[in-house]
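The following pair of complexes shares a single chain, subunit A, combined with subunit B in the former and subunit C in the latter.
And then the complex of A and B:
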C-alpha cells in the first residue's frame, strides 16, 4: 500500500492553536472549494491573482479518482474523457456530503451520483465508496476533500515558490458548525491551517467593498454608504447576503442560504428525461453506472447550452436499450425547475427582510456563481430586486475566491501602500443558536444575523418541583420551532439546582461567539442568598458532537424523558 | 382564545429581546446576579468612595475574562456616569504613556482597555441627547471598527488583542443601542440614573385595552396589506411617543419619559410580532433536493 496522500493530524491541531500569530507573515491564500469547481487566489503584492494549474486552468474540477493505488484529484489529473469522471471511480460533490448524516435529504438525493452513497438512515455518516477494479473502496467526504486539498496545496506551493500553509476558505451560508469542523478537519489532514472560514457571499461583499472604496478614491469623494445585495448560486448551494459598505468596511446586514444549486437543476432534468432513473440506478451495477453517467453528461451539456440558446437537441444512447431523443427548450427547463427558482426568490426576499432593507434602497445587485449564467436566474434576481441590470465589474466565477484572497491578505496583516487592503468584514451569525426548552422547542439565544463577536444570555427555570438537574441541549439552525429540526451542537447537564418548587430556580445560559468564531456555552444555576453553597458554573466549547450524532437527541430523550427539561422564564403580568 | 390568554401571548411573545436586555443589565438592582467566581462588582457608591478597593488606574473597571461570564466585558455600561466628571484625568496609554488616550491612543495607536466611564455618546463624539437621527453614526461606527476590530490586530500582543475584542464589542453595543430609538431612549434615561424596568406589569387601563384591540386587529387581518396597514400605524405611534419622549427628556420630566418608553416598547413588540408572522415564506434548509425529485 502506498503512503497516504494526506498527513494525519490530530483534531486539535487546527483548533487549539492560535488562529494567527507569526512574526513573519505569510500571505494566506484564498480557496473557493465549489461543489463542482474549485479555484485558488492570492494577493500578489498589488492585486489579487488567480493561480493556474499545469494545464493553465484557473477553474479546477472538484473530484478525486481512486483509479490507481494513489488517488488523484482534479487539480493535476487530466481526464481522458468526461465519462471517466462517471465510471464509478471518481468521488465528487464532496461539499454536498461533508458533515451530513445519512438521514439528511441532501445525502439521500446524492444516492443517484455515479459512485456509491449508502445510507442506513440511522443518523450516522453516510458510507461512500469509489469503484476500483470492480471493488467498492470506501472513503469519507473528509478524506476525499483532503486528498483534493493536498493537490491544491502542492499546486499553489509550486506557483508561489514557497510552502503554503495558511488559507481562507469560502463556505456556504447554510453550513452548520459541525460541518465547519469537518472542513477544518479535512484542511488539517491536508496540512492546511484555516485562518478563516468565510461565507461565500461575504467574500464577494469584501471584493465589492474594495471596488467601492477604489471608486470613491478615484472620485475624490467621501465614499458614502452603499448597500449591495449579493446572490451567489453555484452547483451545490444558493446564498444571499446584504452588505452595507463604506470606506472599505463591509458590514454584513443579513445572510440567507440553502442547499440548492446547479446539482438540483441537473437532477431534476435527469429525472424529467428518464423518470425511472432512480430505480434503474438502485443496484449500482457497472452498466447502470455507465448509463447514469451518460445521462448526466448529456443533461449537463444541454443545460449549459440552454443558457445561450433557446432550445437544444438531446440524443443519448444509454446503452441498455433505452435511448433519449428529445428537443428541450428553455420553457420546459424552467417549468421542471420551477420550485428551485421559487426558492431562490424567497431566499432573496427573506434576506432583504432580515436586513430590514427595502429593495429600493439597494444600490447594487450582484449575481455570481455558475448558475448566474442561467437566463432564468438572472431574470428572477432582477425581478425580485426591481432592477433593469445587474452590477458589472465582477467575474461571476472568480468573485468569491478573489474576496477570500483579499481576506487572506488582510488576515495575514499585509498592508498596501495604495490602501487596497484597507478592508474589514464585520460578519453576522448565519444561523441562530439556542437550546431545547419549553417542551422540545428550539429557543434561540443568539438570533440569526447577530453581529459577531456576540454574547447573549437568557434565563430558564425548571418544569418540575425539586428538579435538581437540567439538560442543556444546544442546537443551531434557522430557528425551526421543533428543536430536533435544527442541528445538534452538543449537550451537558447542570446539577445541583437548589430544591425548590418548579419555576423558581433560575438557570442562566450564556452563549459566546468570540472573534475567532469559537462558540462557548456557559450555564449555571443561580443561587440566592449568602448561605447557599454555590455550584461551579459550566463552560463548554461547542460543537462537542462527533460523527453519528444523529441519534444522540433521541437517545437523550429516551434516557431522560422530560425529567430534566427547562422552560423560559415567562413574563409576569 | 380568551382575552387574558391573548394578552399574555402578546406580552410574552417576542419579549425575549426585552428579557435579554434585562438580564444583560447588571445595573438593574432587582436582579441579583452573583457568581462564585465573579469579583465584587463595583457599585456606584463604591466608585465614589475614596477607598481604592477593586480597581486602580491599571485595572479600571475592566472585569477579567474567563469565569466572570456574567459580570462581563461585553455587557454594556457597567456603570453609567455622566461624561467627563468620572474620566480619570490622569489616565495614560498603557503602551507609550501618552496622556488621555481614548479607545485608541492618539500617539502610538495602541488599543486601550475598555473605560466604562466613557459613555456611548462620547464614543461617537456626540452630544448626550436623544435626537441624534441625522448624525453619521454608521460612518463613525465603521471608522472605529477599522481601528478596533479583532480581525485587524492579529499581529499585536495578546493583551492588545483582548482589548480590541472588548472595545470592538462595546462599540457594537454602543452602535446598536444608539441606532434604535427605543434602546437609545432607555439608555439616555439610564445615564440620568433612571432604570426602566421592562418587566413591569402594565397598570394603565387604556394601554391594556389598546393592546388588546391591536391584537385583535392583527389576528383578524385578512392579508399582508392589512398587516402592513397596522404596521405603519404602529410606526406612527412609535414616532409620536418618541417625540413625546424627546420633549419629556428635554424637560427632565422622567416620569413622563418612562411612560413614553413603555408605550414605545409595546408598539415595538407588535411590529416585531407582525413581521415574524409575515415570515411564513421562510426558507428552510431541509433538503429541498430530495423532495423535488
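And then the complex of A and C:
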C-alpha cells in the first residue's frame, strides 16, 4: 500500500532530538491554528498552561511576511503586522486557503485580501503571492503555515526547555481529508509529528468533559450524563458539536460545520462601506493593496468595537481619493450580515437534529471562538437553544487549545494522580464518505456522524452487459446528491470482472476508518455460484488525489463516460 | 464423529458486518464463536472473550435483558474506557485493529439498545429465537413478522 510521501518526511535534526528525549514520555503540545490567531498549550503536570511569546502574548496573529530573503512568521514580531499588511508582503488566512482549488468560492472571496490570490478557475491550486520589492513571490498556504509552525515550535521548545515534536492540532469540522493531508504536510515541513487532528468543538467538548468530571469528583456525585452544545465561531469557520459526557468520556453525538466566520462578516462590511470595492480588489497594484489594507484594518476595528458599544464612527482615508466617514451601528451591521447569522442558526438546528437531541435536553450551551463576543452571535445561540445564559467557566479564546493540550497529554499516555486525565473522546465522522454511482450521484457508504472507528460495506453492480471494469471514485462531503459537489478523495478501477449480463456481477465496496482516522477502501467482485475463480479485489488508502484534483473528475468523465459506472443493488427486504 | 468438524465453521460470518444483528442468523451455539476466531487471526486472543459474534447484544454490553437506558449508557462508557483504540493502544494492550473491531461491536450493541424502536425490534427477534431454540421448534429459525405481529 502506498504511503503518501508526506508521512515519511523526517530530518536528521529530529532523530537527534528523539534520542535525547527518549528517557521520559514526551507530552504532545496542543496547537489551535486559527484563521486569524494562533495559540499553544501544554499539560504542565497538573493543569493546562498556555504558552506565551516573547511579547508575553498568548494569542499570536497567524501570518507570515516575505519581506527579506528569510520569511518570518507572526509569532514574535507583532508590531510590524499592520505595516506589512499594507505593503502586500504579509500572507495570512492560510487556514481558509489551505487545500482548496481555484474554483472554490472561498478562494474567490479571498481575492479581496491585501496580497495576491489569483484564480484561473481550472481546478488547480490558486496562485498566491506576496509582494516583495515590487516582485510577486509565489507561495502556498502549506508553506506559509509551515513557516509559522517552525516559529511556534521554536517558541514552545524554548519555554518547555525541551525539543517539541508531537502535536495535537485542532481543525475545522468542515475540513475534508484532502485538507487534512495539507495540514499534515505543513506540520511535516515544520518538523512536527501530528498525533491527532481534532475537530475544534470536540476539543472544547473534551475540556467540558474534564470540567464536568471535576465537578462530579468535588461533589462526590455519581456523575450523571450531561449534554453540551458547543458553538465555535472564529474568523474562518463556524462549527457546532453536541456532546454527551459522563465519567470523563466525551461522546460526540453530532458535528456540523461550514466555512463561515469573522472573515465573512469583515468582507461583507467592506463591500457595504465601499460599494465599488470589487474594482479595487480586482487590481493588485501597490496603491490598491494599501487601500485594501487600510479598509480592512478600519472595518475590523469597527466590528470589534461594536461588540462592546452600540455604534462606532469610521473615518478612513484610503489614499486613492476615496474617504469613508460613517457612523455604523449594530443594527446595520446585523442587517448586512443577516445571511451569515441565519447560516449559524441553521447549523445549530441541524446539529441538534442529527444528534437526535431535543433542545430542552441540553444541559449546557457553550459558545467559544472570537465571534462569540459579538452580541448578535450570543443572542442567536441563546435563542435557538431557548436559554437565558451561556455556560460560564471557559475562556472563549482558550477553550479549543486547552482541549487540544488535554488530548495531547492523554494521547501521550500521561496519567494524572488526581484522575484529571482520565478522559476519552469518542469521535464521529464530520462528513459522509461514499462513491459515485447511479449515474453521477453520490452514494454515501459511511454516513455523516458515524462513530469512529467505523466499517461499512455496500454492494453495487454493473450498468452494461459484459462490463469488465468498474471505476471506484471516492468522494467525501455533506452528502449532496450530485457526486461532484462533494470533495474528491481518489479513484481506482477494478478490472477483470467476469463477463456477465448487466446487473449480475456483485461489486462490494467497503470503507474502513481505523482508530487513527485512516481511510481505506476495499473493493472486490464477489463470488457467485460454485466456480472458485480468483476474483479481482483492491485495497487503497485514501486520499490519493494531489493538488490538481480539480481536473480529475472532469477528465475521468471525458475518458470513460459511463462505460465503467456502477449502480447500487437494491436491498431485498 | 469427525474430530475437526468444529473448526472450519461456515464462512457466513462476514468480515464486514452490516447493520443486521448477529442474531438474525441461525445457530446460537459455539460454532459461531469459533468461526470468528478462525476467520481473523488478529482476534484469536478474544476467542474466549465475552464478545463473540453470536452472543446477544446484552451479553456484548454485559447487562441483563431488562436493563434501563441509564444502565446501557453506563455499560457502554465503562467498556469504551477499556476497549476504545485510543485507550487500548496507548496502554499497549493490543493492536489498533483488534480493539477497533471490539469497539465497533460494542458501539453497534449500544446504538441498537439505546434506540427504543430498534431495541424493541431486536428484543422481539431475540425472544423468538430463544423460544424457538428451547422448544426445538422450526430448527431455531427466528419467528416471521406475521406471527410477531400477534403479540
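Note that in this section the second predicted complex is superposed on the first by the 539 of 573 C-alpha atoms of A that agree within 3 Å, B and C clash if a C-alpha of one lies under 4 Å from a C-alpha of the other, contacts with A are read in each partner's own complex, and residues count from 1 in each chain.
The working rule: a contact is a pair of C-beta atoms (placed from the backbone, for glycine too) under 8 Å apart; a residue touches a chain by one contact, two chains touch by 3 or more.
None of the values given here were measured: they were computed from a predicted structure.
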Fill in: When subunit B and subunit C are modelled together on subunit A, clash or fit
clash
Worksheet item: Just subunit B (first), just subunit C (second), both, or neither: which does A:455 touch?
Response: both
Discussion item. Between subunit B and subunit C, whom does A:510 touch in the aligned arrangement: first, second, both, or neither?
Written reply: both
Worksheet item: In the superposed arrangement, which partner chain does A:311 touch: subunit B (first), subunit C (second), both, or neither?
Response: neither
Worksheet item: So, A:211: does it touch subunit B (first), subunit C (second), both, or neither?
Response: neither
Practice prompt. Give one of first, second, both or neither to describe whether A:247 is in contact with subunit B, with subunit C, with both, or with none.
Written response: both
Worksheet, complete the sentence: Of subunit B and subunit C, the partner touching more residues of subunit A is B
Discussion item. Quick check on the output: what are the common subunit A residues between the subunit B footprint and the subunit C footprint?
Written reply: 225, 246-249, 251, 410-411, 413, 422, 424-426, 451, 453, 455-457, 510, 512, 514-515
Practice prompt. Could you please specify the touching residues of subunit C with respect to subunit A in the complex?
Written response: 14, 16, 18, 70, 73-74, 77, 80-81, 84-87, 89-91, 96-97, 99-100, 103-104, 107, 111
Practice prompt. Going by the contact rule at the top, pick out the subunit A residues touching subunit B in the complex.
Written response: 19-21, 25, 104-106, 108-109, 112, 174, 225, 244, 246-249, 251, 256-260, 263-264, 267-268, 271, 278, 339-340, 343, 346-347, 349-350, 353, 410-411, 413, 422, 424-426, 443-444, 451, 453, 455-459, 478, 480, 485, 508, 510, 512, 514-515, 522, 524, 526-528, 534, 536-537, 539, 568-573
Practice prompt. Would you pull the subunit A residues touching subunit C in the complex into a rising list?
Written response: 225, 246-249, 251, 410-411, 413, 422, 424-426, 451, 453-457, 510, 512, 514-516
Worksheet item: For subunit B, which residues count as touching subunit A in their complex?
Response: 7-8, 11-12, 15-16, 19-20, 23-24, 32-37, 67, 69-70, 72, 74, 138-139, 141-143, 145-146, 149-152, 154-155, 161, 164-165, 168-169, 172, 176, 199, 201-202, 275, 279, 281-293
